[in-house]
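You will see two complexes here that share subunit A, one where it goes with subunit B and one where it goes with subunit C.
Coming up: the complex of A and B.
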């Protein structure tokens, strides 16, 4: 009897463990793929708040939408078109490799999280109070790497450019997109920007920040900095590149002068100057 | 005492006629290969002149040899710490222009030129680029004062001469020059050996010949910069440095090196000296004016029983000790003190010594013939046409006393021989001259014989090399002989 019971406990335990592993994986999946546009109970970002979405639409419709949003929009579905309108024309991207099973898991997760008082996917809530100069300065320090990120992520500076980071500018991983001067405007303000920073959704950033996510206060400072730069900064790409080239030329010239001073006693030529001096 | 044996060389400059036979003998044997075309292990320079490479004696530019530093000596060109920042580019390397661009001639043009109004010529072709070039410089470009307004005028040994002395030196009536043949000095304290980062240069234990191991050389060229005499050359074809090997394959078989053997004026002498290696560091450190005496004190008397005993302890063969006792070099350097080292101030302690040249007698054209300017048969050495200061810069480490001693003795021997053979000079005067020059009649006779009547055997006292014994330490000599036959350096072996 006790043997049977313990066997049962074991089997149930394994099953439960499987379920919880599945839940954890889905949560990570959600974080990586959905959170830059959606919250659960945190309000609308680019996409709608997903709290209680399973009550608004049936699972079949939702599954087909998640698996291929564009097809649903193209099919002229009324609700899909309404969503498109609310998202100001942004079609939800199709997540690579997603299938109906994965969509099912996602819906399970959303349903479970919607039932909670406060979901872990509520997103970051930033007040509407104006940022102080201190917040902006901290943001700049984080951007340039003078203040290192708590979880060990690399400084934004290594791939991105923004105003106020110095004459040489920041990194230019992509000549256009890596300039973050106007990112605050591109992402339509505090909420989206901060949520985006919570789980960056581009493949490059995702792989870097997957295990080194930003802390809430770091995101707050960065948003402060980006808001400030969007208001006052100029996208200064061309001039920064020119400055960089000029710095290179001047630096090389200075290095040559320095070498000449250090190796001033080097052997140059003996016979040629003798002959030349007599020709004059 | 740490006795070493060393093959030491004497060049008697008063006999050199500047024929370059030595240079050609050397070139034909050793440096007619590709990449060695510009090398002159033996070369003959005209003094005053800038030599080969141009102004090699100017160590402010070439940075050769040793310099005093914090109470000890260090290489002027490099060092353990200084080599690091210069690892990709040695800043003290002479350029090709300071040697010369080696060339050959387009001889085929003499035969194949199309018919025309002019004689066909053989135009010079660079052996580096293969293009036609205008030859601008060569290894003896300033020979016999050629281009003296450029070259002779800039001889570094003219330093310390007054403007008046310089003008006199180049005045037509006074014009004078002498020849300065040079080979590797096989120094006791060689800068090239000290500078090599690969340890490719070494000084042979048995006779002190300095060699470059062609397998270990890694083309750093530190030796080229470090040698103050610029006698290590870089072979641009093999990528290895090369230098005078004192014809060791000839010396080991009892023959004089090719340049010695071929010398028309019989100016060259070769013999063993024994020296105390323990005191090299101490002597290299001496103040400049004490260097010549210091080096002389390193050279040991080969007849001293204590020296002989110590030499035996160091494994020096009996035949070598006997050879050292008959060495002409020992007599010239130590007994007569008329042979002097070139530029001892570089502190490498060279083993090639020069008997400084007497200047030709000044004569002037008078009705009926030439007449000597001086009353005496030979003018006083202090009124030599070559300023004493010039010779002192070259051979005396700046000290005129050492040079005038050697010249005075040579002149006294002349007076003495004049009294003996011609008799128009009284023996009394000759003896007085000898006494003033610190020379006995026996010594004068010996100097005369070794200078004027010397045979091969007198000039070249070469010890047996005992090569068979050297091999014995590793292998049965007979087996060694059989297994490395047919011209292989290392014998053929089974397998790949």
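Coming up: the complex of A and C.
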């Protein structure tokens, strides 16, 4: 009897462990793929708040929408068109590799999180109080790296440009998305921007920040800095890159002159002076 | 299809390249020991040689050490880069060295193309190698200017990728979303590594380091009538 009980306990333990691993994987999946546009109980971002979504629509419909949102919109489905209208024409992108099973896991997660008083995917709620100059300065220090990120992530400046970072500007890993001067406007304000920073949606940032996510106070300061730069900053000019290239060319030219000076006697015989200076 | 190609280029090619480097280098050293040389042509032409050899070697050494430093100590690089002025100093120096390397390579081509004696001692593999090196360094210079600041994003994104290769668990998510030029730079680097043991680049493995610190020597010719 006790053997049967222990076997049952073992089986239940394994099942619970598997369910827990699945839940963790789905939570990470949600964070990486959904959270830049959706919260659960934190209000509308680009897409709707997903709290209680399984009560608003049946799972079959939701699954088919998650797997291929564009097809649902193209089919003329009334609810899909309503969502499209509410998202101001932004069609939800299809997540690479998603299938009905993964969509089912996502819906299980949303259902479970909706039942909680406060979901972990509520996002960051930043008040509408004006930011202080200290908040803005701290944001700039985080952006340039003068203040290190607590979880070890690289400074924004490595890949992005924004006002106040010096004559040569910031990084431009992706020239189209690199300038963050107006990112506050692009992401329509504090809520979406802070949620985006909490869970970056680009593959490059996801890979870098998957084990080094930003802390809430860091996000707060960065939002303050981006709000200020959107109001007062000028988008970076290509002249910074030209200046950088010219510095490089001048540096190379100086090195060539230096080589010529150091080895100016290079065509004079080597052997004779050595022999002459040898003490016999 | 794109995923398979990325996997092939960033998870398989590196191992093929390093495997080729190790196996062929050992085999060549065992069977053709005296071909481990830069096959210097300085005695055939010495004036233009200086403007090819010196800029190329100083440039490539600094650039290679810079890449190595970002790979071995990424936190140090990121810490150094935590001030815009320091980033500017590092990046301008690196760009200057990249341009020097490119100047050296073009001077090599001009020197060998303009001298009939040198053309005779230039093999097809030399031509392939110099073309690949020009492509590699030109891409590096382009990336430095078009996608700054490489020293930071290399340490943040490419170092984890390279380390994942060393731990035999390649994580290509760090590179698949990189700009095209960066991807080409990485792929060409692996191709150069694979080509390495077939070329005169093997001299890198047998650098006579004691030359750097031993005293200068006067080699006296021995003639029977002096005895």
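Here, the second predicted complex is superposed on the first by the 242 of 280 C-alpha atoms of A that agree within 3 Å, B and C clash if a C-alpha of one lies under 4 Å from a C-alpha of the other, contacts with A are read in each partner's own complex, and residues count from 1 in each chain.
Simple rule for what comes next: a contact is a pair of C-beta atoms (placed from the backbone, for glycine too) under 8 Å apart; a residue touches a chain by one contact, two chains touch by 3 or more.
Just so you know, these numbers come straight off a predicted model, no measurement behind them.
Trainee: Figure out whether A:203 sits in contact with subunit B (first) or subunit C (second), or with both, or with neither.
Mentor: A:203: touches subunit C, not subunit B.
Trainee: May I ask you to decide whether A:263 touches subunit B, subunit C, both, or neither, giving the answer as first, second, both or neither?
Mentor: A:263 sits against subunit B and subunit C alike.
Trainee: Touch test for A:241: subunit B only (first), subunit C only (second), both, or neither?
Mentor: second
Trainee: Contact-wise, after the overlay, does A:79 reach subunit B, subunit C, both or neither (first, second, both, neither)?
Mentor: Neither partner.
Trainee: After superposing on the shared chain, does subunit C or subunit B touch more subunit A residues?
Mentor: Of subunit B and subunit C, C contacts more residues of subunit A.
Trainee: Who does A:255 touch here: subunit B (first), subunit C (second), both, or neither?
Mentor: Second partner only, subunit C.
Trainee: Taking the superposition on A as described, I'd like to know which of subunit B and subunit C A:274 touches: first, second, both or neither.
Mentor: both
Trainee: Is there a shared patch on subunit A that both subunit B and subunit C touch, and which residues make it up?
Mentor: Correct list for subunit A: 263, 266-267, 271, 274-275, 278.
Trainee: In their shared complex, at which residues does subunit C touch subunit A?
Mentor: By the definition above, subunit C touches subunit A via 46-47, 50-51, 54-55, 58, 78-79, 81-85, 87-88, 91-93, 95-100, 103, 141, 144-149, 152-153, 155-157, 160, 171, 173-174, 176-179, 216, 218.
Trainee: Quick one: in the complex, what on subunit A touches subunit C?
Mentor: Where subunit A meets subunit C, its residues are 144-146, 148, 153-155, 157-159, 165-175, 202-204, 206-208, 241, 244-245, 247-252, 254-256, 259, 263, 266-267, 271, 274-275, 278.
Trainee: Write out the stretch or stretches of subunit A touching subunit B in their complex.
Mentor: Against subunit B, subunit A makes touches at 262-263, 265-267, 269-272, 274-275, 278.
Trainee: Can you name the residues of subunit B that touch subunit A in the complex?
Mentor: Touch list, subunit B to subunit A: 50, 53-55, 58, 61-63, 85, 91-95, 97-98, 136-137, 149-151, 154, 225.
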